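This report refers to the structure that appears directly beneath it.
Letters A, B and C name the chains as they come in the text, with residue numbers starting at 1 for each one.
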Amino acid sequence: MEAYALELKKVTKHFGSIVANKNVNLALRKGEILAVLGENGSGKTTLMNMIAGIYFPDEGEIYINGEQVIIASPKDAFKYKIGMVHQHFRLIDVFTAAENIVLGVKNENKRLSKAVESVKAISEKYGFELDPKKKIYEMSVSEKQTVEILKVLYRGADILILDEPTAVLTPQETKKLFDVMRRMKEDGKSIIIITHKMHEVMEISDRVAILRKGEYIDTVETAATDENQLTEMMVGKKVALNIDRTDPVNPKERLRITGLNTVNKENVKTLSDVSFSVYGGEILGIAGIAGSGQRELLESVAGLQPIESGEITYFAPATKENGTEDDEPVNLRDKTPIQIRDLGVRLSFVPEDRLGMGLVGNMDIIDNMMLRSYRGGRSVFVDRKPPHELADEIIKSLEVVTPGATTPVRRLSGGNVQKVLVGREIAAAPTVLMAAYPVRGLDINSSYMIYNLLNQQKEHGVAVIFVGEDLDVLTELCDRILVLCGGKITGILDGRKAKKEEIGLLMTKVEGGIANE
Amino acid sequence: MDIIITFIQRAIMQGTPLLFGSTGEIITEKSGNLNLGIPGIMYIGGISGVIGGFFYQNSGVRLNSFLAILIPTACALLGSALASLLYCFLTVTLRANQNVTGLALTTFGVGFGNFFGGSLIRLVNSDTPSISLVTLSKAFRKPLPFAEDLGVFGELFLSYGFMVYLAVIIAIAAGVILTKTRLGLNLRAVGENPATADAAGINVTAYKYGATVIGGMIAGLGGLYYVMDYSNGGWENNAFGDRGWLAIALVIFAVWKPIIGIIGSYLFGGLYILYNYINVSMSVQPLIQMLPYVVTIIVLILISIRKKRETQPPASLGQPYFREER
Amino acid sequence: MNDVKKSEVGKHGQKREPLIHITKRVGVPIWKSIMIRAIAIGAALVVCGVLTMLFTGDNPLSIYASFFVGAFGDPQKIWFTMQNLVILLGIALAVTPAFKMKFWNTGAEGQVLAGGLATAMCMFWLGGKIPDWFLIIVMLTAGVAAGMLWGILPAVFKAKWNTNETLFTLMMNYVAIQLIEWFLKIADKTGSNTVGPTVLKYGWLPDLFGQKYLFNIIVVAALTVFIYIYLKYSKHGYEISVVGESEKTARYIGINVPKVIIRTMALSGAICGLMGFLLVGVTSHSISADTAGGRGFTAIMVSWLAQFNPIFMVLTSLLLVFLGRGAEEVSTKFDLNQSFSDIVTGIILFFIIGCEFFIRYKVNFRGHHEKKENN
């Protein structure tokens, strides 16, 4: 039998105390498209980074064409004709496409002016449309991805690794990409594609390798399997999530958004004419491919995103103290986070970027608790006593695994970091709770704990907004599901009746939708 | 007319050390290293040249002009290369804070220059607090042929020692290499985004070391020029003054483009000595000398307001790079 | 950094691990970090000793003794060392809040000089025209305000347009120096490069208990405590930490980042201005471009070496001042050049800067794993 183009044997990689990959085996045949399937945090990207020479494995062996090799740097990877297209583009903004493509390649022509011609030649061969002289900072996401792929091809790679290439693409762009991939395969290239979109796996791959929690499960022929079997292998058990879902009790409008429009720095529209309401006692799910405007939507409400036009109204619950029967509307438009809080709006926000935004990695749990509350009181000094008590309480009630309340949060594992963040946001007793990808990268147990917390909030009458990516979770957890595509609402569905296929369709409905980073 | 020619000549001579320094610092900064040790390195370059020249002049052998240039130059290059290596070792290999390391190197370098300058002065038992290598200096100051025969043209363009032209040539070469060649592209990539450059197979460490050491050596030549040509081979402690910082200012003024640095250096040089040529009271002189810094601040502000991508400092300037940082 | 120094497939396809593999340390015990620093300082002292020995031919022990004599040899020397210490410490305390915010203020020198200049200008133009006690208040106010201005200016541009603060503050140093040169030419027609007590003869603060430097020492001691508490226990200090760690988080929780940047630099500049006032108005009654004497730069290193901890800063500034004074003593004793102390300072700094690496990172040599497995 012909040797594998690439084979990994018992590869292990640790980051501190976290095991990212444990005894992983992987084999790539020549001229095939191999899909690597796994949930977020299953160690796919780490594994690929070791093949590409970004990380060095702690243990294990790598073979290319049957010969054992050491890939200690990206340079070594190129030597073995391995090229990787990363999920986060590695391009230099101020350079042109051609400059980026020829960067680091050693060949006979030293003059940069020649680069443009050779890039044009390759583009034509595989049918890419690209202006080699365009600067990266002027490009769209899919153009940038094209540059990344051209970069790898220009180096004459025989083994291509594409890390979630479709996550940022529109369906049309994905189709184009798959056409290019098939052409590359015909050209004799071996391709690894990472994705967690099952229909793409079925469409493009010859075989599928499955990883789960950093461990290798199996590799199967795509033709001999189906989505159910793959899903089962990927998550380890049948995807009956069994998330509790109670019926909303006494739904009252808590947040109303009308005609919301936003643009990004490059003046590209990120949200267009978004209108919806959220009610107390329900979980509203927001579905959509990455970068469809989810972040802009939540940040607009939180006062972190400038708004072009539109209204955001919050309805404060009627209380005995203010004596009002009706809920009092509060206009949140063009308010800073501080102003929003000073207006008495009880809004909690669990952002997507936990350690970069929601928490401060180098601060301990106590100081992170204080982020929300330190401003209170007239004293010029901070009072660490209440946050300390809160920290202890959260550690206890949410079973946060930590040496203590004075441990910097960056030293906690992902799940525990999230518990600290969600715990803090819930402790603020919100009326509206927004959570962006709250279970991303979390293990099953932590994920369920988060679902339970969200459900508890719902039962307390809180209006919960849950931005998710896993459609199974969305359809089992949410009362209603709002689908965003290219910054527009393409549908609001009943969570109990919605089919995954239906949501999937809505997620890719708008033609040429805006995808942003 | 004569006074204008003299002014331009002096401005060019004043500007030349700055040009060496800023070209060196531009190359260094393009690799992402903000080397605030450049003022120190220029001192080290100067004193190393002086030490080499001093021992050659006092060695008793018959002096020839080739060695008179070669020995001090080689010593200056060696001294500044070693100092830059130290900076690289600390900031690149040991990932130390660049600002702190650079400032420490400047403290050390200025001290090093003055210490050995002072010691040499003592060695010759000179009454004046300076050391003089007039004979060697002549070799450095030899103008181009025909300088005296071509009138104004000769005076303006041919009357300088070879290092003035060397500075221009290096600056132009640096400009061309940075923008037109693979080498320059790779270097700029390292300074913009080392992770990307690394992923593209560029040896980030080698480029950072290479650029910083070569940049330091070029800057060191600025120190050498100052003593051997500008000051007629005379070393006087602290005479070099704040020119190293002016060179760093010039990098900003030139928006990281060595060729703009050529014009900028003569402009700064002119501003530095302008007070000698215009009729102003003594007290206004320092205010005129302040102009280069003020102009630099204005340039710095303007480029940050305009946010034109091509005129920004290298994106990773001042940041250490560690591949597995997570 | 190319973490992998060497990698090759040996004969028979046997694999070889990279020779050196560097990983980030997580949570270094305090004793270990102190030990590493102590080793570095020790090594630096040895190198300085050997170097001094080469230049002087004296034996190492007597060299170290000379260092000690230079710094603490008699009461006068101790007072002088203390004065150097508190000024350096004061400036280091000034730059620390900004550094914690990751605002790289390299302009302390200029901020001190601006404060000193404003003080001297008040002494020169208002001296004798208003009562001394009032003059002193005006001097103090002007000094602090001038330092503050020098600090705020770069901060405003940083906050609004993200103008590079390292380069901006650096340039401001030389603006201040040239302004001093201008003042010198106005105040002293002889063209001297210092304007001294004969010209600046008003607004002198009486010596406290007959000790010239005691006032400065008390001021800086109070300042140390103030900065320590400010950074650790005040709301402002907390905001500074958050902004320094992550601007995104700061915005998320509603901190007005530009306001914090400007406010913090105002404080930094004000304290530098105060130091300028102490140097010119209280201590020397003279001003020159060398009044700050590079301490604005040294202070940056003091603060950084102490990990921005005001208490550690007392130690790091003591170390640097001790070495500086000691080296001066050695150079006087053996008739060496005064710049010898700069070289010694440079060497010790290089060692301490370098040793931080071994605190933050772990170096694994090849064979590290095999050994473990064999056990």
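Criterion: a residue touches a chain if its C-beta (ideal position, glycine included) is under 8 Å from a C-beta of that chain, and two chains touch if they have at least 3 such contacts.
Source: prediction; values computed, not measured.
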Innermost chain by mean C-alpha position: C
From chain C, the most remote chain by mean C-alpha position: A
Which of B-C and A-C has more C-beta contact pairs: B-C
Chain centre separation (chain A, chain B; CA means) in Å: 48
Distance from the mean Cα position of chain C to that of chain A, given in whole angstrom: 43
Chain centre separation in whole Å, for chain C relative to chain B (CA means): 26
Junction residues of chain A, two or more chains touched: 73
Chain B residues counted as touching two or more neighbouring chains: 203, 323-324, 326
Contacts with two or more other chains, residues of chain C listed in rising order: 2-3
Chain B-facing residues of chain A, complex: 15, 52, 54-55, 73-75, 77-78, 84, 86, 90-95, 99, 102-105, 110-113, 135, 137, 151
Chain A contact footprint on chain C (complex, rising order): 2-4, 7-9, 13, 15-16, 18, 21, 26-27, 233-238, 241-242, 245-246, 248-249, 251-254, 256, 369
Of all residues in chain B, those that touch chain A in their complex: 180-183, 185-186, 188-189, 192-193, 195-203, 309-310, 312, 315, 323-324, 326
Chain C partner contacts - residues on chain B that touch it in the complex: 34, 36, 86, 89-90, 92-97, 99-101, 103-115, 117-119, 122, 203-206, 237, 242, 245-246, 248-249, 252, 282-287, 289-290, 293-294, 296-297, 300-301, 304-305, 307, 313, 318, 320-326
In the complex, chain C residues that touch chain B: 1-3, 22-24, 104, 106, 157, 161-164, 166-168, 170-175, 177-182, 185-186, 191, 294, 297-298, 300-301, 304-305, 335-343, 345-347, 349-350, 353-354, 356-357, 360-361
